[in-house]
């Protein structure tokens, strides 16, 4: 399923943990499962490496959506990393929502190394959601817009 | 003396706004006054003064200077200055009106700060006499008459009318442009108001502080005073006093990578900050005591020494009411002044 | 400014068919710092690697970006190539333009544009890379085996044979594990004790092996090559060094009504006991819950009769700390609790037993000295029903979803042995499927059916109702004949599912080793690294990893041993250089990082600093043990000041990637 | 109380238990009180003050003060003891260099709140039971005390001292406050309304850093926003994004550590209700991970540095209130 977004192309940053989700993304590739090219992946050792600063930075620089993928809770390569991620991101997303920033622009999804199909489906769904929301206006830095 | 019935105030604002952008003090969500652009429905704040001073109009908190774009090894420099438009600031109090003179002494002397100069040239100031000064006001200490503020045009607001008096060419031109909206008037009500206000100004607790001690001759004595330690010990090192001050003029120049180029901008800096004037070798003032001392020595000693005795303070009282720990220039003057 | 070389791989047509590789090479050539950009059909080939190496030398590259397949595939390849050419291997970054680009996008302009963006992100990152150097950590040449069953024993023996000291920690008073309770073993029907007990004795006699019986691991610190393990030696109130195992105390002990766990409670033992005759170490243990002397301070008989003077009522739990280079988990299994299986009347009737209890009933050293007698009345059973898959392959939620793997074979064994010894007995086996893959396994099962006349019935037992006459009414369905069956049995044997020992979960937490939802330890790779845990230095042996029979357990035990030996042979280990690092000038000493570190890699130190204002200050700062840190980065986010950063994935590197992607 | 405190301080100075005292010093008017360190009985007599206007939380000063030679006597209000305890937990204060005397607090009168009632030219302000008598340049005024208090005192969370060496006056209790009412009100708005609300508030930020510098949880040796190497250093809120960024990250960095002392909102020259950001995190933590009061006890793990396997998924925020 390729999302039909002929006009607005969202910029999506996906942080993927090296051990599960990045491998899941690789598996999606190996299985030739399509998802929009708007998704660009940044490899991090563990989802717990992702600092809220990175997420805000992405929005500042023009991202329209940021998704964070990690191992399923309990399966973290580092045993506990994603549990911290879960708390941190829950609070961060809740704060963004509190400030009136569309909460659908941020997401956490647990994708294992075996879930190539889930990875592709997740990305398709996320791109579709963000495309519907349109451009990120509430957390943008006008200086970073291309003039 | 010109007069505008108070009922016609909106009409007056509209007439100015039709020509130029008009800014005036407006109550904000925080329950305080702030300069905002006048639009239909916006009303003048009743507050004595704004939290941020009027210096923002000529020396904004941030200002883009230029942009660099690189293509391969070529660098293109783009001037970020926008075409300046004329604007009018209404409701500037005497203290802020005087602050422009002080800022001019910094920015308009050689080398002239052209960014500042351009804004100055495009701005017309309509000042407004005070009628209800606060306990924190001490402008009389610096020879400022709050009943007769400086500006391109000065005004007095009574219960039923706004009295105006053009002072400069710019002010006269503006008055003429407004034409028949303003009528000639007798100055008596203004004089009466001035008298009343002066009585209150007399009572202000800090309007007669002893400033004798603060001159260049005492520089080292003041600098070495052991009292700075006690004065500065509670200082949080925040920039509140600096940023609400109408005469603080220090700025930092920074580069911001926009992803498409480098935006060079300047922004207010505060001598209270630990990285103020940091250089390659490090910071010249390592402790908060030194930083605190710098701010007051500058306003009370260095600046007057270089500017014919004019202090770098206009007595607006903003720092008195806004300092988180209630340490301020008045306490400094009183404490150090004792050592005569 | 770095001098960066960019290398675009075609991967044959894998990349080149969807990504315009020439366009990518051309576009990236103009990025800041890029001094060389090229493409090649197979970058990972020797010729391709040579292009990289030559460019590093010819263009004095300080950074390399390879746009190719996933870094999980060839990052190591290119890092090695860079190292050969004299470039620090950590100055190489991979842009994944195959799995995450060419393979998932069909539109060539789109895929090309994305490949360029990914390349730019990698370039942006490499600009901020710094050479990293792997540290080294010494290897303690001693192994710990947790669990003294056949898995632990075999692993320990193999490691000891290679010349390394190895300690076994066993919670029970003796090593031997479940296998000591078994009677015969399938499919050869040799006696379990006969093949196990010599190995137990070997352990006891091997100079390299030290057995901590009646002991538990209570704390594990450290990391591969250098674990510090706290072992709790539970007080057994008998001095192991003095006890000769003569057994007089057990005979004289007046408290003889303690259910004997070795015989699964089917007979009794004394309060001071030796689990069984061939126990290793063969020393007595006083059970504090039943000993009158320990409970009430009255008795003391065993001390009086002990000629060796080994009894010590004042003995306390002892904690010892030992260093190990490697840890093998061999915690084994237990049959599941059958409380949730009321329909089988396990708790209501003594004559409904588990297969393990059946083993004891047929074992010469068991409660009946090997004669098969009903536990309720001691009579010989004439009709025996075996029920398979009790709690295995159970999706109802009462049992386990997995297959316990060993039940089909041991039930065939039980049925066959019963028919052989007691030909007058009718034996029924109810099964869902009979699974007998394995050498000589199916032949064994067929012998049970064909030669010994065991009635195998495909179907499940629905209910077992104890009758007034002492028999058990078994209601079952025969799925093949599609009919209901009613059998009056004298004895019912349940093939209870097996599950990991309860000690495994807390142990996994201590070891920071991962487990699956069933509490079986997870292997580092299900196919390629089946005996290693993902936690470096922790290895898996036996049923703690999944259900296994004895030969499989022994072969896995040997495999784990060989991995341990491989590790202990090294004098030093190279550490992952992509680890956390704290800038001590920015550190607040708040301990947030320490709290989230799963490896205990962060400690604190009060250090003296010469401050910029020329004063001296003592500041509490975090210190990362680079050999312990695994580089997850949890600490970097917990740190509010940003003092803690991760090498190779630094804040600025990740933000540079973000910037490049969002541009 | 003030007299008693001065006497006790003098006694502790005299017997050598402490060599300094941190407290509040009288200013020009009754309300402009400055935290100060006193070293002699004379200094105490001349300037030491404690009344219903002494609002500053002194705990943060003890980071530096406790590292100096000798012991310092600190008078801490209930609120301040929470901050103090949290700082101890984070190893920021050398406990054995501080002698803590807990002093009661009946809620502090806030001059900005009084001014917001239209009273100007305040030259003197005295609490007289439940009434605040104000002398102004324009005559005398009076106002009820609870109308003169800031939100943080009206919604006081606790009158209990969580840590002290000695207590003066009666010990109070942890209170049931309505401190989350405003957070809830915001949560019940539509996202658009919330966005408008916070834009209106945060757009006034002048990045003076008063909130950060006064905050007893913000104790970094170098703040990320001052550190050019952090990549997010800012000196001025150049853009609406930076206003958001600064306040979100600051709130996040103190999440689970903020004791809700309310100093941030007290000192904000622009009257931005910054405590509503911190309270949001506190409320979320309470609701999602169980009640947690930072500073209340020395042992519990900060909620962001721990977890349970059953924690809510981040998707919980899609379902939770706040999207009506």
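Which chain is which? They are A, B, C and D, in the order written, and residues in each are numbered from 1.
One rule holds in what follows: a contact is a pair of C-beta atoms (placed from the backbone, for glycine too) under 8 Å apart; a residue touches a chain by one contact, two chains touch by 3 or more.
As the structure is a computational prediction, the values presented were derived from the model and not from experiment.
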B-C against C-D, pair bridged by the larger set of C-beta contacts: C-D
Mean-CA-position distance for chain C and chain B (Å): 71
Whole-Å gap separating chain A and chain B, where each centre is the average of the chain's CA atoms: 46
Chain centre separation in whole Å, for chain C relative to chain A (CA means): 33
For chain B, residues that touch 2 or more chains besides their own: 256, 259-260
Residue list for chain A, restricted to those that touch at least two other chains: 52-53, 57, 61-62, 74, 80, 84, 88, 143-144
Multi-chain contact residues (two or more partners), chain D: 224, 231-232, 238, 304-305
Touch-based graph of the chains, sorted into line, ring, star, complete or other: complete
In the complex, chain B residues that touch chain C: 70, 72, 257, 259-260, 282-283, 286-287
Chain C to chain B touching residues, read off their complex: 30, 32, 612-614, 659, 662-663
Chain D contact footprint on chain A (complex, rising order): 52-53, 56-57, 59-60, 73-74, 80, 83-84, 86-104, 107-108, 138-143
Chain B-touching residues of chain A, taken from the complex the two chains share: 61-62, 143-144, 146-147
Chain D residues touching chain C - in the complex, by the definition given at the top: 67, 90-92, 219-224, 227, 229-232, 253-254, 301-302, 304-306
